[in-house]
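Look for chain A in each of the two complexes below; its partner is chain B in the first and chain C in the second.
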Partner chain A sequence: MFNYTFQWKQALARLPQMLDGALVTMQIALLSMAIGILLAIVLTMFRLSGIRVLSAIARTWVEIARNTPALFQIYMAHFGLGSFGIYLSPFASILLGITFNNAGYLTENFRGALKAIPDTQARAARSLGFPQAGAFRYVVLPQMLRIAFLPMTNQMVWAILMTSLGVTVGMNSDLYGVTQDLNALTFRTFELFALAAVIFYVITKAITLGARLIAARLFRY
Partner chain B sequence: MIEIENVRKSFGTLEVLKGIDLTVQKGEVVTVIGGSGSGKSTLLTCINGLEPIDSGRILVDGTEVHAKATDLNRLRRKIGIVFQQFNAFPHLTVLENVMLAQVKVLKRPKAEAEAEAVKQLNHVGLGDKLAVYPSRLSGGQQQRMAIARALAMSPGYMLFDEVTSALDPQLVGEVLDTLRMLAREGMTMICVTHEMKFAREVSDRVAFFHKGVMAEIAPPDHLFGAPRDPELQKFLSATH
Partner chain C sequence: MTKTTFAFGLLAATVAMAAPSHADKLDDIIASGTLRCAVVLDFPPMGMRDESNNPVGFDVDYCNDLAAALGVTAEIVETPFPERIPALMSGRVDVGVASTSDTLERAKTVGMSIPYFAFEMVVTANDAAGITSFEGMKGKTVGATAGTFEAIALEKQVTEWGEGTFRPYQTQADVFLALSQGQIDATVSTSTVAQANVKSGNFPGIAVAGSAPFDIDYVALFTNREEYGLLNYLNLFVNQQVRTGRYAELYEKWVGGDLPSLTVDNVYR
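Take a look at the complex of A and B:
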């Protein structure tokens, strides 16, 4: 039944190429998180603004990001926009798709975090003469980011894993794409993808541990 | 000077302020007593413009609080307010709590803001807690920090909204002592309080609110010694 001969050496020989791919994967995830967090802050402010158009934009974004497959979002960034004559490179498409997804999920996380902050905090800040934006920036936002820190870490892990969807839009320089190409060259399918899985695991584990260290340094209250 | 002229305010169908008139002179200490729901706390949040009013007007140093052209953020710098809930900013140390608005709102240089913060914190007896986060403070200490935070803005007026109501009984004294000290120093204050003994001691005048109306206002000796309003008589006999 099992007549497959493992050839780990062949796969390990490709490790340097795969690690280069891992760097690209981390790059996409980091960028998509950084932009995603900024967008989520903006969308959160849209939601709080009380201006109907803005809160509708935020609501729609969150609804689509959370209730459709990430693959669909990445497809739309590449082939969807392509239909309108906007052609993004695979890298830009995957970055756009994941960023869109991140921003949606994070906005929802921020909403939950805001609920945990009493209204009296903003009121106290306003009483000290802060305008609305200043009260948000200096009093509410830091507390919100702290409460949402753990969900943000989860989203970062999710962003790393989502990069694997890039192959569907022709991405071949990230970890998953590189592995796929090597597989086509060598047919060491099990070994290569097992190795890729280990690398994914190590990256996400490092993120979780790193986040814990950052939290300990940042949140001493 | 704070001038309150025929102020009316409703929440939905409930009228909580039914035509309040009150003038507080510079240096005066006015305490407001009355049952819950009598409108006394609402009056304070109307004075600093946190709540809109339906009619009448409130003037602070001649500036109409609820006029459209009034820059409320600027006006609020003059009016310190301390609430029942301490509202410490949990993500900042005690020192940072007191520095934040000085730096971001008044644009004071950091060194100056820090010196002012240290001075005010010493003043309220928290000079040894500068680097501590509020979660490590008792309720009374948090409330004194909130007072120092308001004082650091160099306000002309201080409003205190039942600042001891959320405190354990043994912590009430330290906060009231801080208020007494401010009163002695000549700070213009309006204190909404349930502490009758305190009201009697520090006030130039005491106002009794009942169901949205200022039923009586008089110097403490008169108000507590010879109350005329029947509701006030009931209130005082119930609280003694």
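Take a look at the complex of A and C:
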């Protein structure tokens, strides 16, 4: 018993506002990935360092990021830090939350990628005269990033979708936030969210296809 | 064709003709014996839960009264603000008794009854923000509950001022948590909500700073736009609630103070 007359014109009239929101969504996702990848590399090095404190930090980070809901992480970035008097704007809160999550998952991806690189690679590099850091930087890291490239695309898609959790911390300029605002205004729930779903789909599809093209060009042997 | 099948065919045709061509929603509710109301239970004192987790509040009582008038059992379906329309359209609820502002924009999508309640808006501010009036919010960071009348009005006001920031939060509780922490400087909410939250002591460091010059927020019962039979019934029911003094009784029970008028001067509804 679904009793509703769809009024697509009403929703399409709001499309420009939603596309502006989509830009903010992409911005958050890209930033959180860029910072997340850097952090994940650092955490991976912490893990490999053999220094107990550093590997404990990396382990804890990964444990929390992977075993608690992303919603919780974002909520903590806003209200959790807020209770200590640290006020982050909604944009900063969602960025921090997703970056934290990305870094945790990517560290785990990198670990898997490292396992796929034979030990002999690093040893061969060392025997050719590379210092330990150099062997990691020039021999192991490029291979690791190559193996982890497609899992990284996955995480990028996940980051795009996670931006929708921003509404819990007062975000209203991203795609989901804009859609929800418009829904409150017009009650055109189905048209607006269907439109948002299509935009999300197009973005994530473009990312996965784009990544496959890049991978095909970049990783030819 | 044998005589028997012919007779059965005739009988079936007679029954089909005798049955009403179209049972409307009001018929469906009476026939099913249950009235399912969408009620927001995060909006004290209109809708909330008591110590034993039962739904209580003005809207809950109002739904029970409506069910009693219809001679059916009431079923309270908890519905957050943004989910009111999906709940109605997917047939999970029959009527919204959910403090829904009757804006013209929304009335293009759902059918609104005459107003059954009216809210006045007040500003509540964090003590540290130094806000003593509505105008004092200019240039500050303000927030409200997403999807409410006051959120829409406040966001518009911030845009008009051209300075300051507006943040919608998902629940009333989050708005007051953010206000109490100092994440936002002030909020606009219904006076009932503001007083309830300031009094509760859950949110230290906040106080009501004055009234907000928004239009009175009239809220309506809603159902599907084309269900005139039910909408007529709802209108008469709201009228009867006021006429019989039940509206005043419920107002005294849940809110207290001056009873808001539900009519607008110089115009018919």
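Here is the rule we go by: the second predicted complex is superposed on the first by the 219 of 221 C-alpha atoms of A that agree within 3 Å, B and C clash if a C-alpha of one lies under 4 Å from a C-alpha of the other, contacts with A are read in each partner's own complex, and residues count from 1 in each chain.
The rule we apply is simple: a contact is a pair of C-beta atoms (placed from the backbone, for glycine too) under 8 Å apart; a residue touches a chain by one contact, two chains touch by 3 or more.
This is a predicted model, so every value here is computed, not measured.
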Partner chain in contact with A:R126 - chain B first, chain C second, else both or neither: first
Chain A residues touched by each partner, larger count belonging to chain B or chain C: C
Partner chain in contact with A:V53 - chain B first, chain C second, else both or neither: neither
Contacts of A:P142 with chain B and chain C, given as first, second, both or neither: first
Partner chain in contact with A:T189 - chain B first, chain C second, else both or neither: second
First (chain B), second (chain C), both or neither touched by A:A216: neither
Touching residues (chain side chain A, partner chain B) in the complex: 118, 120-121, 123-131, 134, 138-139, 142-143, 146, 219-221
Touch list for chain C against partner chain A, complex: 81-82, 85-86, 89-91, 105-106, 108-110, 143, 146-148, 151-152, 155, 165-170, 174, 177-178, 181-184, 224
Complex contacts: residues of chain A adjacent to chain C: 1-4, 7, 10, 78-79, 82-83, 85, 87, 89-90, 167-172, 177, 180-181, 183-190
Partner chain A, residues of chain B touching it in the complex: 48, 50, 73-74, 76-77, 80-81, 83, 85, 87, 89-92, 100-101, 104-106, 133-135, 146, 149-150, 153
